[in-house]
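Worksheet: the structure to be examined is printed underneath.
Chain lettering (A, B and C) follows the sequence in which the chains are written, and residue indices restart at 1 in each chain.
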Amino acid sequence: MVPEVMNELWRCLSQSAFLNSQPVQTALIVGACAALVSAIIGVFTVLRGNAFAGHALADVSSAGGAASFLLGISPLLGFLGMAWIAALGMEWLGVRKARERDLATGIVLGAGLGLSALFLYLDVTTTSTTGAAVSVMFGSLFAVSRELIWPAIGASLAVFVLVALLYRPWILTAVDPDLATLRGISPRWMGLLQLLALGLAVAVCALAIGAVLATALLIGPAGAAIRLSRRVAQALILAVVIGLTSVWAGIWLAYESYYWFSGHAWPVSFFVVVLVFLFYVFAMLLAARTRARTNVTYPTMREREN
Amino acid sequence: MFSSFMINTWIAGTAIALVAAFVGFFVVIRRSAFAAHALPLGAFPGAAAANLLGVNPFFGLLIFVGMGVLLLRQLARIGRRDVGTGLLLVLFLGIGALLLSMTSEYGPAVFSLLFGEVLGVSDADLWAILVICVLVLLAMILMYRPLLLDSSFPDLAALQGIRNARMDLIFLSLLALVTATALPVVGAFLVFTLLVGPPAAAQSFSGHPLLSLLWSVIFAEICIWGAISLSYWSNWPIGFFVGILGAMLFVLARGYRHWHQRQRRLVIRSKVLNQK
Amino acid sequence: MKSINPILSVADLSVDLGGRSILREVSFDLYPGQLCALIGENGAGKTTLLRTLLGLIKQRAGHALIDGAPARENRALVGYVPQKITFDPDLPLRTRDLVQLGVDGHRLGLPLFSSKKKTAVARALAAVGGEEFADQRVGELSGGQQQRAVIAHALVREPRLLILDEPLANLDFGSANALVALLGKLTHEQQIAVLVTAHDMNPLLPEMDRLVYLVDGRAATGSVAEVVQAEVLSKLYGYPVSVLTHGGRILVLPDAPENADVANMNRCSGHGA
């Protein structure tokens, strides 16, 4: 019986227009990469209380994405380069007084976005790309070139390798930096490596759903997963599930919306952001109810606030 | 540059920078950086909706920015920023993106709402902007002293009969109004810079509240005039110039203050050494 | 015997918070020109007492009168210096401006510069010795200077009662002594009543006129000599304590368990209830 069901399923899938369309296939793969890396890095970012840094990196990377059209390089490289420059800059400036950080980060964000504005304008006037503003800021997942599939997978693999190697030191530095130093692990270097990995995640997410909305994938699934988990491994798996579901469902919904609205599809990024948000709200409610019912505060990992 | 179609922009820009300096002065003191960052992003879908419906963007902006104020007060009660509030902001951006995707001029509309538009001030717009700016200015002058006390030391202010919650609501509302007027001109992403950059720079220069406020206005006007003229001359987006000029003001002023503080420390240290 | 009325009159004051009894039948009076120290550990009820005096909390029983009227109504006569004083180093507010705001900070509209206000500000600054840092940013002052700035802010409206919440908590010995000397000078020169809370009564001994010793919501009030006695304090603590004096300093020590004679102590009914 099972083989028959499987055959039927396979027949449905292989004949569906949805899965046979090239842009959709590209979208599913690149989207999956984005969901996976952002979920994994996101967990560490949120644990470290660096959610705002992720947000800032994503916004600033838009300048790189915009510049990529001018430089004739792949947008992935553009996003990545800018994200890494910004990450190094942040690490170099260090985290000083919280108040300064609020103002200074905001100002730097403004300057970075202003730079994006300039590059996007130059894109329109000097190159022949249209819709650069939209695809850089809000993403056009169905329009991503097939050539970017392998680079996206490559970036994701790089992140996996980093996480696999540095999983334990990263958790230690997040939980107890002093102990980490005692054990010979430099929190500063770990932090730097995390920022670089974050840059990779930012780049892939920006490619998928746009620089400005990438924050949703970076912190949303991770935030929801952390609220519901008691161990890091649990959180990682849950974050991946949530992220992947949001992205793939978002892609499918966007595809279908073409038919609902007679030819005028809604953006993939919109659906992804809404789904991530709903997951987060659901996770919050669930976590609150569980706490209330059992009347015990679980030793969940704290989401440190910025 | 001062032809008839640019005159509106000059007047609007001057007025907006004036009230932005006043309100931004207190944004810096009250450490309301998050509110100043969140309100423009929350207002963005309002402008997008208005664009889609073909109505005056002000309606959309004011409605959404009003919602934003209410939301902020709710969020303040829950606690400080966390992942949830960040997601909420991104959600607003996503909604704005959706709304704009439904218009026929997706790209240009996105660009001008996010990064500003030098040429977009019609005569009707100008009247609306001036009315709002005058109202905000009057309110700020009226509330200057209680607001200064409440922002600097809320506990003492409460003892003198000032209700902190009410001050907060009034201030947020004024911030919302300024956001709504500034967004079409400098863009959602740069409202923060215009609000915060000049006053933060001014406060690094002077410890006298009124002088510091005056410097805020001067710096803000320099910022907007520079941005408008450079944008007109180069055709580059005004948001770029606001971002860069604002950042430059901020960095220069902070640098000056660090240098000044170091000089003072050296003077004190040499005095102590001479005494020994 | 004083023929004038007390500026602060607290009688049988009992305050409950969150279902718990925080203050129990506290009574004391304070006259102009007197400095009163309110001594107690954390959780003894000092903050609650202060907040009741400021009219922020309603008592369950008893009264707290300021110049004859309930505390809430005469708040204008009270100057208050809170415990936590933090000013941003970049705050564009000079000491002079902070004091000025004490005069008219709650008024709407354009500030009108009157010579009367200027003299009031100058006088308040002089009273705390603040002329030297009057034109500096409040955020750049030292802890002791910031405190004096806030005291000047409180003084500028000529209060009849000045309340300071744990002003000595974060000061080094030298600054603490200087502050106590200042408070004593203010009390006696300006004939105001000053109420100071603290953990440790010793720094205040030189200037203290009255003492309110608070333990677990109950108070022993009177002069230092009257209150700081082994019998009185043991009854208050519900546990035998000894009072040691050395070089003008006082130390209140709970007796070691083997020496404690608790049975002899429990004369007061309802103690520990």
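Keep in mind that, in the parts below, a residue touches a chain if its C-beta (ideal position, glycine included) is under 8 Å from a C-beta of that chain, and two chains touch if they have at least 3 such contacts.
Treat the numbers as computed from the prediction; the structure is a model and nothing was measured.
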item	value
Central chain of the complex, centres being mean CA coordinates	B
Chain pair with the greatest number of C-beta contact pairs	A-B
Distance between chain centroids, defined by C-alpha means - chain B, chain C (Å)	42
Centre distance in Å when chain A and chain B are each reduced to the mean of their C-alpha atoms	29
Chain A and chain C: spacing of chain centres that average the CA atoms, whole Å	55
Per-residue multi-chain contacts in chain A, two or more chains	99
For chain B, residues that touch 2 or more chains besides their own	31
Chain C residues counted as touching two or more neighbouring chains	88
Contact set on chain C toward chain B in their complex	54, 75, 80, 82, 84, 87-88, 90-94, 97-98, 101-102, 104-111, 135-138, 140, 150, 153
Complex contact set, residues of chain B against chain A	28, 31, 33-34, 36-37, 79-84, 86-88, 90-91, 93-95, 97-98, 101-102, 106-107, 110-111, 114-116, 187, 189-190, 192-193, 196-197, 200, 235-237, 239-244, 246-247, 250
Sites on chain A touched by chain B in the complex	46, 51-52, 55, 59, 99, 102-104, 106-118, 120-121, 124-125, 130-134, 137-138, 210, 212-213, 215-216, 219-220, 222-223, 264, 266-267, 269-270, 273-274, 276-277, 280-281, 284, 303, 305-306
Interfacial residue positions of chain B with respect to chain C in the complex	29, 31, 141-146, 148-149, 152-153, 155-157, 159-162, 202-204, 206-209, 211-213, 257
